[in-house]
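My questions will all concern the structure given below.
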Amino acid sequence: MDYFDRFAVPHPSPAIYASMVAIGLTMLAVVVGITYFKKWGYLWREWLTTVDHKRIGIMYILSALLMLFRGGADAIMMRAQTAVPDNGLLDGQHYNEIFTTHGVVMILFMAMPFIIGLMNIVTPLQVGARDVAFPRLNAVSFWLFFMGAMLFNISFVVGGSPDAGWTSYFPLASNDFSESVGSNYYAIAIQIAGIGTLLTGINFIVTILKMRAPGMNLMKMPMFTWSILITNFIIVFAFPVLTVALALMTMDRLFGTQFFTMANGGSDMLWANLFWVWGHPEVYIVILPAFGIYSEIISTFARRNLYGYNSMVISMVAISTLSFVVWAHHFYTMGHGAMVNGIFSITTMAIAVPTGVKIFNWLFTLWKGKIVFTVPMLYSLAFIPIFTLGGVTGVMLAMASADYQYHNTMFLVAHFHYVLIPGTVFAVLAGFTYWWPKMFGFMLSEKIGKWSFWFITISFNVTFFPMFITGLDGQARRMYTYSESTGYGPLNMLSFVGAIGLAIGFALIVYNIYWSTRYASRNISNDPWDARSLEWATHTPIPEYNFAIVPTVDSTEAFWDSKKKGFKLFGGKVEKIHMPNNSGVPFIMSCIFFVWGFAMVFSMWIIAIIATLGIFACMAHRSFEKDHGRYISVEEIEETENKLRGAK
Amino acid sequence: MKIDNSLPLEYSTEENRLKIFGFWIFLGAEIALFATLFATYFVLVNGTGNGPTGEHLFKVPTLMLQTIFLLTSSFTIGLGINAMRLGSKKAMLSFFVITLILGLGFLGVEIYEFVEYVHEGATIQTSAFLSSLFTLLGTHGAHVTLGLFWGTFIILQVKKRGLIPETANKAFIFSLYWHFLDVVWIFIFSFVYLKGMM
Amino acid sequence: MKQLFPRGQVMGFAFSLILTLVALSVIVFDLSLKMAMIILLVTAFMQAALQLVMFMHAGESEDKASIYTNVYYGLFVALVTIFGTMLTMIWGYQ
Amino acid sequence: MKIKWALLTILFTIATVLTGCDNPLMVLDPKGPVAATQADVIMISIWTMAFVVLVVIVLYIFMIMKYRASKQRDDYEPPHIEGSKVLEIIWVAIPILIVAFLSVVTVKTTNEVEATPKGYQEQEPLVIYASSSNWKWHFSYPEEDIETVNYLFIPTNRPIEFKLYSYGPIASFWIPQLGGQKYAMSDMVNTLHLAADVPGDYMGRNSNFSGSGFAQQTFNVKAMPTKEYDKWVDEIKATAEPITEEKFNKLLEPGHVGQSTYTGTHLEFSPAPEGEHAGHSMHGSSDTEKTDSEKSDESTKDSHEEHSEHSNMNH
């Protein structure tokens, strides 16, 4: 029995037991359901083995939504615990686990995959490509992310969650102070997902740089595509740093190395340093695509071209470069002298300049426009003032001398939520609503959408604005409780009320999906928003080859030109199309990765070695495999095209 | 599949061009990866605790042997690609085999060196300096090991299927990988060993 | 046979051996730390450039500009990571 | 219309929240020169940023009020506008000026808070070693040869130099009303300069997450005039027990303990990680040339700070 003790949760609570039962029952229900409806074959053929960028994108988004609710549940529990002084709802340990998983899940398993999902669906369409450069690799990326996320998520029912914060600072995260396997989960699950993300980065850089439609030179790319290109460059150069940092962490915890230890020459600060060398660019990985989404949406619903296209591009390049030279502002208080802090203060504040350029360009895109307040546009418009508030508090935090007072407080928590929620969450919700008809062939209800928008926007401010104040009043972050004499009670209660409002808003989104799936009209055009870029030029639903004829482009808004100026997008005639074959290997390899990760977490070396060999076997299989893809014949294309045209 | 005969085999199809370009991007990521390992090493190089220092451990003969092996292998794989472009399958395979033998030699010396270190009481657990040293060298060594398997697979495929766009593409990408490992080694040679022995 | 050993590559190899020997001088002669570091930096980056241009044919394809941009950006990030880490972890405290 | 209402709601919330506080916010209610400098910086930045926000909001409201579709003719076609060089230069140049201004403020004040507080330079600072262990604070007064746990008495109007380190996870030593925080870490000693102008009781805490007992890792700070302080020291010396290695090791065990007081300091048997005891790589170097400079660690650090001040001024 001793052997199995390691899988027990060290700090069980009724909630965790209930979750175990719930997870078990849900999985059983899913398996039984699929078997009953005889859908295993469909699932395997159409989804698990797919290499189609659109389907992979949808799977990314579904996983991200799932994770949004996981992270959201954590958030509600945190706000509930701190709503009143000396609350006994959760104990310190449980609270620590919750804010740790909240951070990791929201950043790495919600924001990133949501963005990567939209990127998957939209980018190839916007550049007029048939798929991404390496469709098979794309499937590997998704499944690695998915398995990493699942591995991380089982932590709270098998062996215990990580509890050292999403930053996982050493020596707190070392074996001495975090005895459970929680931090092993952190190191290994993020590692697996991170490798997937790195591969995505390579894939999309190649797709965008090499597979654009004829005529679309770099300065004629839609702004979303530009943001994705730059984001993926950041991914490619930042994620290896995380890979190394997590590998060193794993070795410290599992193999007794001395990187971040307190003795034998180790340096705990080095972890913080490496973490933020990756961590700060990571912030821009989730923000820049959001900027791209807003650029598309604001220009679409202001019915105008994007103002200052060139300066929008230049500012994003500037932001991406600056994002690599500011990381030390996360630890001004670590004791490096005034000189180092001064340098990093200045580089950090410099980011405000290109970001300001973007804000003003968006505002001037509205100028002389004809603004239509659809749900995606509402999110985009709400983003501008709220994000400005987040941005200016960022400048305040950048000032090292003052940061000594903000650091580690609720002020900081308020700041990054003011940046990340309007920046990323609003953007993915806007993008999700905006591209939904392209993905599924019907619109989400505008009415329910507006309700959820107002709930989310107002509740967001109610939740997070009070934190600026409690922060200045000395409330440190990550405190699971406080005494009544501190006076933090009322404002924390207000935050809790806001959190409930946010939960209602998100629940309304789910209801909207349900309602619209049942009742929304299927009879929509290919271009329901009267939009401007190429993804709206193809049919809804999108045929697997995207475009029967590769479009030709000669401006930033070729599709708009084709509607307004009679520009001819699709010249030439239909030819047979080369498409990649589906493959089960990415899924199988990722499953082996899951097993490998699980074995590593619990130090089960034999299984880990076998799994490692299995992974290499999959790679060797790929090396020897002869897969030339397949062709879709002209007749088949024409048949599909006629059917899709007839549907309208 | 459209084959463009005006280009060398490895570039002759669109898919091949995508793969070569993609691999260059991957090498960009590898630069960042090794840079992080170097940064870690430089920070921890004086964190020797009670363990031995680099000055004590590093030896010139093994270092030079490793360097010569790897530099020469980088040269021979270049010749292999040159032979491939000339269409000489036999010469290409010979150069590839020589490359892998040299790589194996490098790996042998590295393993010998690691065993020596451990005999002197310098394990990966002894001090932060040694942890970072073993990790940096080990990551490079693991890349070489992976390369040996990869190269072998490519030799087998070229043998079996001949020089076709697909195999030529694989061989070329492998050569990029191998040269890159040589570049990394040069930095290890200079800033780990030579600086450590100064 | 001559075709199999193109002049450029043979010269490149010879040059890289010479650079290795030059680098070795830092442990043979008693140089100042500054001098030695300069020698190491120069020889290492020359070797790297040699591999990149001579053996890896970085400039031969249509993607020349993208490949060089990629390498330069990688170099930028590498230098920032290494020197920035030194700055925050070591030099900042002295 | 809805947006107007939303804005009003937000404003209303902010107003309620702000008036809800009876006392001024701790960080903005400084009781020492360092915290005062920081509070000034915060206020400068808030006003500067308020200006930026105002500009954005005014433009924003103007745009969405004036150019909404409901106010346009049905056949209105928005024009194609590439952008404007002049405007774009304006919104690059003005932010650069603002950032430059804030940079100057930052560099100047960062140097200030990293040095002995202004007006206190002549006095010999009181050195207190503040070390963290899960989840308490140990204060050693080498000058007075006493040690306290979880509470801190300091004289007013005298510069204090805290030497921070940790017997475990990274902790952050923070007394909001006296000045900003700094990390206490296990392998090196950080120096934090503070001073109290006004006698009183202040809250101090670890603000860096350090495990399950982190929320309660607080300490009380009592600032008092020198005379009272001296009296307190004498009292401790007369009444308190000496600290022994055994007792101290017991204190280090994870958990919460109340306040306690000892004569002697733990520095005698468990020295701080500075000088030859530093665990950090750059100090723990085996190079013989470095050991000399470590002895004069203090002086080099100070001269470095002066140096950096100059270089930043030139900047």
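Before moving on, here are some points about what is shown:
To keep things simple, chains are lettered A, B, C and D as they appear, and every chain counts its residues starting from 1.
The rule is simple: contacts are C-beta pairs under 8 Å (C-beta built on N, C-alpha and C of every residue); 3 or more make two chains touch, one makes a residue touch a chain.
Every value quoted in this text rests on a predicted model; they were computed, and no experiment measured them.
Counting C-beta pairs in contact across B-C and across A-C shows that the higher total falls to B-C. Distance from per-chain Cα centroids to the pooled protein Cα centroid is smallest for A. One inter-chain figure worth recording: chain B and chain C are separated by 15 Å, centre to centre, where each centre is the mean of the chain's CA atoms. Our note on geometry: chain A versus chain C, Cα centroid distance of 37 Å, whole angstroms.
Taking each chain's centre as the average of its CA atoms, chain B and chain D sit 47 Å apart. Measuring from the averaged C-alpha position of chain C to that of chain D gives a distance of 43 Å.
The set of chain A residues that touch two or more partner chains comprises 209-210, 237-238, 241, 263, 265-267, 269-270, 273-274, 277, 331, 334-335, 337, 339. Residue positions of chain B with contacts to 2 or more other chains are 17, 21, 25, 28-29, 32, 36, 39-40, 43-44, 46-49, 128-129. In chain D, the residues that reach two or more other chains under the touch definition are 188, 280-282, 284, 304.
Residue ranges of chain B in contact with chain C, taken from their complex: 11, 17, 20-21, 24-25, 27-29, 31-32, 34-36, 38-40, 42-43, 60, 64, 67, 71-72, 74-75, 77-79, 82-83, 86, 88, 91, 175-176, 179-180, 182-183, 186-187, 189-191, 194-195, 197-198. Chain D makes touch with chain A in their complex at residues 2-3, 6, 9-10, 13-14, 17-18, 20-23, 25-28, 35, 37-39, 41-42, 45-46, 49, 52-53, 56-57, 59-60, 63-64, 67-69, 72, 76-84, 87-88, 91-92, 95-96, 98-99, 102-103, 105-107, 109-114, 134, 168-170, 172, 174, 176, 179-183, 185-188, 190-191, 203, 205-215, 279-281, 284, 301, 304-305, 308-309, 311-312, 315. Within the complex formed with chain A, the chain C residues making contact are 63, 66, 73-74, 76-77, 80-81, 84-85, 87-89, 91-93. Chain A meets chain B in the complex at residues 133-134, 198, 201-203, 205-206, 209-211, 236-241, 243-245, 247-248, 251, 255-259, 261, 263-267, 270, 273-274, 277, 578, 616, 620, 623-624, 628.
If you check the complex, the residues on chain C that touch chain B are 3-6, 9, 12-13, 16-17, 20, 23-24, 26-27, 31, 33, 36-37, 40-41, 43-44, 47-48, 51-52, 54-56, 58, 61-63, 66-67, 70-71, 73-75, 77-79, 81-82, 85-86, 89-90.
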